[in-house]
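Got some structures for you, see below.
Here chain A shows up in two complexes: once beside chain B, once beside chain C.
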Partner chain A sequence: MKTIFKYFITFTVVSSWLVSCGDVNSGKSSSQGALSTNAAEKVYVAPGEHDDYYAFISGGFSGQLAVYGLPSGRLFKVIPVFSVDAEKAWGFNEETKPMLNTSHGFIPWDDSHHPDISQTAGELDGRWVFINGNNTPRIAKIDLTTFETTEIIEVPNSAGNHSSSFVTENTEYVVAGTRFSVPFPQRDMPISEYKGNFKGALSFISVDPEDGRMDIKFQIMMPGFDYDLSHPGRGASHGWFFFSTYNTEEANSLLEVNASQNDKDFIAAINWKKIEEYVNNGGGKKVPANYAHNVYDEKTHTATSTMKKEVLVVDPTEVPGAVYFMPTPKSPHGCDVDPSGEYIVGSGKLAAELTVHSFSKMIKAIENEDFDGDAYGIPILSYESTLAGAVKNPGLGPLHTEFDGKGNAYTTFFISSEVVKWKLGTWEVLDRKKTFYSVGHLMIPGGNSRKPFGDYVVAMNKITKDRYLPTGPEVTQSAQLYDISGEKMELLLDFPTVGEPHYAAGIAADIVAKKSKKFFRLEENEHKHAVKSEAESKVVRNGNEVHIYMTMIRSHFAPDNIEGIQVGDKVYFHVTNLEQDYDVPHGISMIGANTSELLIMPGQTESFVWEAKQEGVWPFYCTDFCSALHQEMQGYIRVSPKGSNVPISFTLDGDPVDIE
Partner chain B sequence: MKKSKLLMIVGPLLMLGLFVFPLWNITLEAPQYPTPLGMNMHINKFSDVHEFDIKNINLMNHYVGMKYIPETIPEFTIFPIVIGVMVVLGVLIGFFANYKWYLAWFVLMFLLGAAGIYDFYLWEYDYGHNLDPKAIMSFKNPDGSPMGFQPPLLGTKNILNFVAHSYPRGGAYMMFTGMFMTLGAFFIGKKEAGENN
Partner chain C sequence: MKLKLVIVLVMALALASCGGEKPKKDVSGAEPATEKATEAVADADPMANKGIGPISSVTLGEIDQTLVAEGETVFKAKCTACHKISKKFVGPALKGVTQRRSPEWIMNMTLNPEEMIAKDPIAKQLLAEANGAPMANQNITEEEARALLEYFRSKN
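Coming up: the complex of A and B.
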């Protein structure tokens, strides 16, 4: 109790200091400032023109990933990842159900946190976005030619997959660090015996440079701390990965107090190249595991889920020189590496200053064995030996730092609701701007790379209160865009976001846009139930299953009237969109279907099941306004009593000409 | 070699470009087609400007009852033969014949070309007027007659929501150049003959 009170006092004192010196940036003057400048002009993207950047902003508890344009803040797409999505039938149709398979069965939701874009030689290459599922540990890969999730791998021995999913310089690995340590192997044991018995798995998932196929290469079984965030080294520090920790106390209840006792927690520095070498030489131990690996194939338009049965585990004490702890004050959250790879910024959530470690000093300290003891056999480097400097009185509750590539860093402060610009090397504060309100993470396009695009920073806020029209107790979540091209930051725009805008990654539009797919080629469609012309469409009974092989084109289904279905039949619609034109999807839904509609892209096949429960004649129709005669795009299914002698029949009506 | 002879040999040879480059192009623009739909006509086939353009033109055109653009037409067998024969004939004339034959070749080629254009017009007319009576949408002209959807023979024309452009392409330009070279060859040949006398 005393401790909480102490923090409260500290916060109040520092807040008043902030208010007294930071008044120039109070809310009112800032928003009026934006009006009095050309802020509107700077975010205006004229009709028909394109934004300069893609922003991939995680949906947090929506489980999805949303795509926005910058500087306009316009929402382009919500990519379904970890949560079922009726709009795109994600997790509803037969093709994508396997994507949400896990060792716990079909999980229709997750908490999506940190997207990161693939890199080549430390620069964004725009091939894939990776994002973590926090709740039931998973890493997903989104293909940026289709903006669809094409792979999800579950992470065993983990819980609260939070220090994820950041990629190394050449996308050799995407990491998945556990926030919650758990018994390893999982077992029934008293929670009070947490300390020393729980382990924190840091998983290194390799990414095939050609097809992007993911595979858990190894897991490092670390002491039972909480691993919060992580970032890869780059440049000279390429080959290392840094993870922030909290609860080095290994407390297991009332963590807000009990995990805030140590003056310093750690940033774990992992030489993954060394561990990779160890593993390649036969090091590590294969242990039984059970985790799902789900892959969506663009040719078959279908996902498959495979259960994997073992994982390679590495004990860090068996690879000397591979893992070190750098003491970092007070429960660090962000763990951010600057574009040169030299500075590692640790944001102690409860610290009064921002700690910056030096990579070169760290290497020297390792050589000099500048240790302050060890934790479970892992050397703890002395605090002073790795310290590059500290930003004094930066604000309250530092969370996350990004870099503009021009020698400046930008840190968000949750408690004091601001973005603070400071200089690398001199550690002086250059500018501060209010956010509205309670900012979490921030994003500069290319921020987690050697080459940030230092035009804008996006702040992602937790609270909006009076910033938008009220919509009941739940108001929109929001992001804010600041121009950082000048010496002072300028707030340009508020824009609403989907779910909780937890974290984001951004990239110059021209890297991604030119590779975007316009349609799927029908001749490459290898879906096992695809039919590629109206003439091939058919209806087949197989016991009490009926399979309808249907095609769609502007503006009709073939077949469109189907008879001979009986009560109790399971009717599968396998529907192929015959269009080969950009932006011409069709949809289909069936009355009473216990699923969602299908939204089928040109050249794609999707399937759903409809159970015939009542006699009658029941319609289906196109759900996507596809053409002038969209309303006419419909058909019927006649359901007869069970055992009826109405034969299976259908009409191939509509257009008499086969255009294939 | 005499200038006229050279022109008379090179001119017909230029027409071989028709076997490589399209003769004509029809492009359809509409707001919902920021990348317009385009069809190239070669002497032996139709081709898409962008992949699947012809398929998509057919899909659009079926609303007003227009026929699907056929895979092939008899002209695609005739045209290459005609052009091939004319090239060979032209080169032979260039090598062995008197300049007066140059004009004869040009006139023959001109007539054949005119016949080709007339044939194209007939095809377009049929395509644009001979509509499916069960067409999804039928439009009437202000005088009550059924509206046709014939693309222009040459130039640009509004057809409902589309703007249709119809213009020659590389092959045609090479043909025209070649033909004018043979015409030039005739006049130069005539002058050369005068000087020799």
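Coming up: the complex of A and C.
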């Protein structure tokens, strides 16, 4: 008892030391908040009741996107995007392998960073979530009727695809800005000759308003800086896109020192409407490229991968009036635009204050040609001419800002581990709350749109030590939920997350839930290997390939006895789930299969390959607990020696599968 | 899916206890319930039972061959995984079903299987005969269910 008490005291002292190092004292003890308030009640969603918001929290190095409910923090689903996922056969089954194809071949992993939800007229429409793969540059689109990734496009001439994937206010474009500049075109050259020779591509990917189909409309070849984060304009600034930069020094080694030399880096302001017009009138240059465009078709339940060979490149100096630089102090990271579209917040990671630019002042400065020289032919606006104001002494290590739609902004501070609330226009700090610890992004549902839902903010932390039961050197990643409906923020909940919770997007549940798909209609299944009734199921030999066309329903496979397979055969299972009911998937796997199980949704078809390596009679079974007789959902495959005269046969209950 | 599992479990419990007896620990469970259910149903005229669901009355005329053909298509796509016409499979053989059950009962069973096997005495008995394999809800529309009924009428 005594030891525990002592330990507790130590812990308390250590943690208050930890969180107080950045002058975060607001005069109130927020760490006691949960005990003295009704925080538990505010996050309690009773059994059978639903959360108010969906939160889509990226998995960072897990490569996936997870779906949580707010305010409960309950995890609903992990959507596979850029990483193979045995739970859903993503990247394992024949249908989804093409989704992970790139110009570098099959790449079963990426680093997923910034989800953003599609918008119509500046408001979230809940149709799609876009998310970037940072490492081998890609943008994925997730369909919110099925919560499945339905498209992935690779981004050529790019590297460290970090300043993405944010959407314009009618989802005209999703952007993919390169963090690392690279030689353009890629070639063998001395790294020391980086300066002036490397380029930073900002890619504008158009999104078809009907089916969401993505296409790289143009790439702007910018000077060789690092393009860190970005945000679209909205309202009056709709038509513009803003990208923060660092390494305007164009250093190529020890960037922690060499990219922090300049007093100011830039926020690049891009008039994409102007460039779009230029491109539509034949501007830009088509250059050779090689990148994959992968599309999953909901009717065929199958993805195809197409290699594209060309991309349209725009030299910004050839479109006068389209691109400007706004000086922003000390290696800005976050670049956030408020719901009105007037304020562009730049967070200099090493700066003592937050810099806020004004869009209207920026336009005036452009008209007045209020320039401070240029960089590679791109005009640099004078710092004072675009400055709206600055938040003084806000904290240490500012990163990201979101907005509540009520005139307030919330900024995270990595070094001082806090969220700070301040007022747009007066720039005064209104409130600050500790986070535990080293907070990166934060998210207010709808905070990237004209109409935020200003009830909650979710802080996503890089460090979690001592907040949860220890699990070895690695502790769970975590997010924290704050109530922001009142004047002061209130910490309501800690909840664990999968992978690094890099960034998130949130939306009111009723916008998405009502459009959610319950099952796939069998009559609409156009999979080339679908069989839509047991009578059509069959087994076909084609050389040393055997194709099994199988069906599943509670609680059997058809056929479930298969003979005539020979050692050395490549056996393809093409399995259709005949169920037409909500939430009745079945699974299938085969002993010795060098793949994952298949988890097949009602009305869907999926395939996997099993190689018959040994003689014998080998079982397969349903892997998803589907009914009271799930254990009975099984079957056998007989494997005979190579050249055997056992004929192909397939039966169910001893009969041919088509008996009436 | 988990909800469905709960429903099945609840049903299984209801089945096991509907005889008013304490469940015997070493008995295979379903059998005594089957006997009891059979008894309970035996007295009533099954053709008078309209079942539970959206269908309260059906008017039958001459067999409509167009509707029969539509019904056959639906049957082949959504029912044959568990029902054959000529023999008992997972569920009962469907030859002559319209002589054994009222048209309303057949349509309600098609449209509302979860509630039927939970509450309707005949459906409960059939579930026991199917060793607890519940009828799957295939999200069939009322029009499709009516066409299926016509197809079954043609198979007497």
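Things worth noting here:
Everything below uses one rule, namely that the second predicted complex is superposed on the first by the 624 of 660 C-alpha atoms of A that agree within 3 Å, B and C clash if a C-alpha of one lies under 4 Å from a C-alpha of the other, contacts with A are read in each partner's own complex, and residues count from 1 in each chain.
The working rule: a contact is a pair of C-beta atoms (placed from the backbone, for glycine too) under 8 Å apart; a residue touches a chain by one contact, two chains touch by 3 or more.
The model shown is predicted, which means the values in this text are computed figures rather than measured ones.
Of the two partner chains placed by superposition, A:Ser449 touches none, neither chain B nor chain C. Contacts of A:Ser533 after superposition: chain C is touched, whereas chain B is not reached.
When the two structures are aligned on the shared chain, A:Asp581 is found in touch with chain B and with chain C. Residue contacts after overlaying the shared chain place A:Ser165 against neither chain B nor chain C. Looking at the shared chain after the overlay, A:Thr595 reaches neither chain B nor chain C. Of the two partner chains, chain B and chain C are each touched by A:Ile553. If you count the residues of chain A touched by chain B and by chain C, you find the higher number for C.
Contact with neither chain B nor chain C is seen for A:Gln604 once the two complexes are overlaid on the shared chain.
The intersection of chain A residues touching chain B with those touching chain C, taken from the two complexes, comprises 553-554, 579-581, 628-629, 659. If you check the complex, the residues on chain A that touch chain C are 519, 522-523, 532-535, 551, 553-556, 558, 578-581, 583-585, 624-629, 653, 659-660. Residue ranges on chain B touching chain A, taken from their complex, read 35, 51-52, 55-56, 58-59, 62-63, 68, 136-137.
Every residue of chain A that touches chain B in the complex is listed here, in rising order: 553-554, 579-582, 628-629, 655, 657, 659.
Residue ranges of chain C in contact with chain A, taken from their complex: 1, 3-5, 8-9, 12, 76-78, 80-82, 84-87, 89-90, 131-134, 136-140.
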